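Submitted below is the structure of interest, expressed as structure tokens.
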Amino acid sequence: MKDRKIVLVGTGFVGMSMAYSFLTTGGIDELVLVDVDEEKAIGETMDLQHGLPYARNKLVIKAGGYEECADAEMVVITAGTAQRPGQTRLDMTAVNTKIMKSITENIMASGFDGILLIASNPVDLMTYVAQQVSGLPKNRVIGSGTILDTARLRYLMSEYLGISTSNIHAYIMGEHGDSSFVPWTHAYIGCKNLLEMLDENHRDLQDLNEIYHQVQQAAYEIINRKKSTYYGIGLSLNRLVRAILDDEHVILTVSCYQNQEYGQEDLYIGVPAIITRAGVETIIKLKLNEVDQGKFDASCETLKEIIHSTIKPILG
Amino acid sequence: MKDRKIVLVGTGFVGMSMAYSFLTTGGIDELVLVDVDEEKAIGETMDLQHGLPYARNKLVIKAGGYEECADAEMVVITAGTAQRPGQTRLDMTAVNTKIMKSITENIMASGFDGILLIASNPVDLMTYVAQQVSGLPKNRVIGSGTILDTARLRYLMSEYLGISTSNIHAYIMGEHGDSSFVPWTHAYIGCKNLLEMLDENHRDLQDLNEIYHQVQQAAYEIINRKKSTYYGIGLSLNRLVRAILDDEHVILTVSCYQNQEYGQEDLYIGVPAIITRAGVETIIKLKLNEVDQGKFDASCETLKEIIHSTIKPILG
Amino acid sequence: MKDRKIVLVGTGFVGMSMAYSFLTTGGIDELVLVDVDEEKAIGETMDLQHGLPYARNKLVIKAGGYEECADAEMVVITAGTAQRPGQTRLDMTAVNTKIMKSITENIMASGFDGILLIASNPVDLMTYVAQQVSGLPKNRVIGSGTILDTARLRYLMSEYLGISTSNIHAYIMGEHGDSSFVPWTHAYIGCKNLLEMLDENHRDLQDLNEIYHQVQQAAYEIINRKKSTYYGIGLSLNRLVRAILDDEHVILTVSCYQNQEYGQEDLYIGVPAIITRAGVETIIKLKLNEVDQGKFDASCETLKEIIHSTIKPILG
Amino acid sequence: MKDRKIVLVGTGFVGMSMAYSFLTTGGIDELVLVDVDEEKAIGETMDLQHGLPYARNKLVIKAGGYEECADAEMVVITAGTAQRPGQTRLDMTAVNTKIMKSITENIMASGFDGILLIASNPVDLMTYVAQQVSGLPKNRVIGSGTILDTARLRYLMSEYLGISTSNIHAYIMGEHGDSSFVPWTHAYIGCKNLLEMLDENHRDLQDLNEIYHQVQQAAYEIINRKKSTYYGIGLSLNRLVRAILDDEHVILTVSCYQNQEYGQEDLYIGVPAIITRAGVETIIKLKLNEVDQGKFDASCETLKEIIHSTIKPILG
């Protein structure tokens, strides 16, 4: 296996925003672009290559086929259809399940034995599909989950409080999409409890709900204005890839296989987890209060229902 | 004036690729996005902001109007129509001259007194328009010129020779577009003359012409495959902005006002120049051989003709 | 005032470790080295300058005199005597008070009106001296405080828990030195309470006390082995300077003037505070339990006693 | 072999300046510090570790023994005695040959099979010793050669010309030390011949000789003022390690085994060479004029004489 070689499957806006960001962050040695539209992958490759003289580090970029996955340390899948105005993430399930199945089969046929990172929507379900089809160990198939949602939350809270995002410690958990939630009792600013801080500043929990609402609506708001969203997720994926390749042992909210950590099993959903070069090392277990556990369970139920009604029949 | 505050006018793919790259390179403190499509500027702003928790440095990003130019150190203009399949860069002149005139007037109305960087095509002509309309000192109005063409050349030569782009010292000069050229006698690999190196390796000047041909065709090749080109230019603009704000005194091939340095005057065209926080400090004068000087003059003639036939009438 | 120009007073190992790190992190435009040993400042300048071709950004480095402070945005003081084997930080007080007084007078005589950052030991007291002598607003005179102690704590906890330092949220408060403490009830790993996490993992609070003990002994352990400590503090100072110049609004444990935030006043001591381009914006108030408040008060008493017995007489 | 694991032998100022710089540049995954003074190596390790919370990337740092070389991709040797006032680099030869022999034997006993980088002085001779003792392929044993001298030259020329170091293309060749030289006819500023540029600016070749003289005296000047030099070389070594690990194919002036490229053989000396992950790939052959070839030959004769008189007897 070649260290720090990654293959990107799906050279749309999301995948390319991640790809482009590696020129300026460094952290990988080789990047191969794969797309069903082979000409597009070639065009994207050329466009990126012309930025290489200004890149932070030496980096090999090329277009290729699935055989390139054979010795890759990671494959990132961002293929699929972008969310369109009016469409929910779940609407895309059936069509994307078939795409994901075929892509995963192609990847595995190369002999790939690394870490699979999925961003295609609906991401929690597509990660499930990729794991089931690949048969890779569950901790080595990871979905981007609520990493972007959490980034959005932190940005908005940072603006609201006038404190750097690096000191905003709060997670969005659950399904990436409509049924996610924030366990506010487990939110801290620096080492100070958020609710306590609000109280002292005579601010209102209502403000936080408004912020969460903005997070939940963010994708729709952006899609209405620029057709699809990709820079926020592009940088989130870059962050996730580097956390893995650098063996950071960092806690990120990603879509992880559940094994009763939060009382649920046999599905992928967004929870905080320690990320290492081996993939998901441990899920961090927060003590959710009743309301939050209820939201988590509801989020899981939604997903499980679709797994049974839509996905399992396709996977056979 | 606020140091390291920049305003971007035109939040299309080119402008946004530059904007997005600042999250990972750092180097600016504030970025304001302006577009005639105000909703788009807001959507782009939101998408970028969500990447801020993973950004290299603290950075203020917002959507705004031309009044934001008042205290900006730089304004970058990437508004305009992207080159479409079949279209030459010059075809776009008349329509873009009007856009550029109105944008520049809006910028100057704010009281702006910094450096103006233009990437909109046809870039040498649009830079001329921006300078004429703004009345800013000529060294403070700069076009991206052949910076991207030169990056492309270096990338391709680097691949051909198996030597890092940082050791490929060669320029593309002239008009960004069809009438540019490479003064090959002034090309070096490290401290070794390129032609001498080719000779020793029994390689052919024909190969270099093929490489130049690929550079010249690159935009068309990419546009055919992905509709427009933006990552290479995005990173080139980032490089140029940082060269200016960091007062680098670095030599880059940009579109500069000509004052007989190469025997021509009253137009902007791509030549190597020393870039500082004050803009273009000095144009580097290479001794062109007769053939290359001929190409340069021809390139200038093309531009001058359009200035007289198309631009001057519009500027009045 | 020139943005991002900083003057370093004291080109010993601590100051130079900070200075050297700016070549690779960037973030400043100009660095002036001042030392009572003028030849040393020149030698250090030359050594740094020779690294500039490999530096991240353009950076002006020069040796100079106090007149360079006139237009500096920040002055960092690391002059003084390093801690020697057997010596406590407080032993150094009287001699360093006189040095600090004279340095501060020289700085102010230039017309300096920026932010003063002090690392010279005993740092909480030297920061007090610098503020009293300079008469600068209290939020614009900052000591490095327990920033290094906190970095040490996070590193050791990170090793102990197998989790990235970026997820270890715990502070060392109080005097930089023997009477500091960790408010453990306000320590979090990601969004999880540390004590709760230890409990679940059947680990012992005794381990944490051992870790704190290591932090407290770290300086002595290093000094015994390599005479003085400088890389950890060098990078901590770099971090602090960039937090200020980048207006990060980040929470760091620095030596701040107390105004009853923790029930004490008229001294500088290490507490978590929001750092902006204006200096210390707000002190974060944690609800200390009785034991921790007792430790804080004791820490303050030690400092106040020295202020009255040793410092005030010198300042007159 | 573990990718991006490096072992540093010799934790003096030079080695540690390189080590410390990796915290801020990134580019390696693991760094092991080895020194005959084991306690020093532990103290240095602790001091570095405390900077890790502010480091650019996750990095494992530890103190260790030669067994750590077994799976390292590179070993960097900076052990030895620093140059003292009055001492020439050659004076140190005999004593350092013995040290280098023993260190190299210890490294090879571990089963090491990577790239060996030497900075200990006299560096051209010590590199020869390390290659002879290790028996490693000659392209995998590299000396820092004139990389620092070249950096110094570029810095001084950059100041003299007011142009960024990145556009100063000139090499210092020959022995790192008293008998090096600059082939001025092969010096370029951007793509412009240096001598031509001087001529146009009515500047004098005498100025260049003065600059070269300053380079040659730089080490002595710094040593007189701060006892030894280490930041310039620290960053040069960082640059070289990253050029290798990133497979940059970059041209750097390093100490390479000569095989008639410049008419000499069986010694190491500084010449421009393409550096890849495999070590020295190709030596760049410049056509030296008679004077410069004479200087090179003289430089080689000096080294060869010492190899025969001093080194071969010790190696046996």
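Letters A, B, C and D mark the chains in the order given here, with residues in each chain numbered from 1 onward.
FYI, a residue touches a chain if its C-beta (ideal position, glycine included) is under 8 Å from a C-beta of that chain, and two chains touch if they have at least 3 such contacts.
In this text the structure is predicted, and so the values were computed from the model without any measurement.
Student: Among the chains, which one keeps its Cα centre farthest from the Cα centre of chain B?
Tutor: C
Student: Considering C-D alongside A-C, which chain pair is linked by more C-beta pairs in contact?
Tutor: It is C-D, judged by the count of C-beta pairs in contact.
Student: Measure off the straight-line distance from the CA centroid of chain A to the CA centroid of chain D, and report it in whole Å.
Tutor: Computed value for the inter-centroid distance: 43 Å.
Student: Could you please state the distance in Å, as a whole number, between where the Cα atoms of chain C are centred and where those of chain D are centred?
Tutor: 35
Student: List, in ascending order, every residue of chain A touching at least 2 other chains.
Tutor: Within chain A, residues 58, 158, 164, 166, 248-249 contact more than one other chain.
Student: Help me check something: in the complex, which residues belonging to chain D touch chain A?
Tutor: Touching chain A from chain D are residues 3-4, 26-27, 29, 57-58, 242, 246-249.
Student: If we count contacts the way the header does, which residues on chain C are in touch with chain A in the complex?
Tutor: Of all residues in chain C, those touching chain A are 158, 162-164, 166-167, 169-171, 183, 186-192, 196, 200, 248-251, 272, 274, 281, 284-287.
Student: What does chain D use to touch chain C in their complex?
Tutor: Contact set of chain D toward chain C: 16-17, 20-21, 23-25, 39-40, 42-44, 46-56, 58, 148, 151-152, 154-155, 158, 164-166, 218, 221-222, 224-226, 229-232, 234-236, 238-239.
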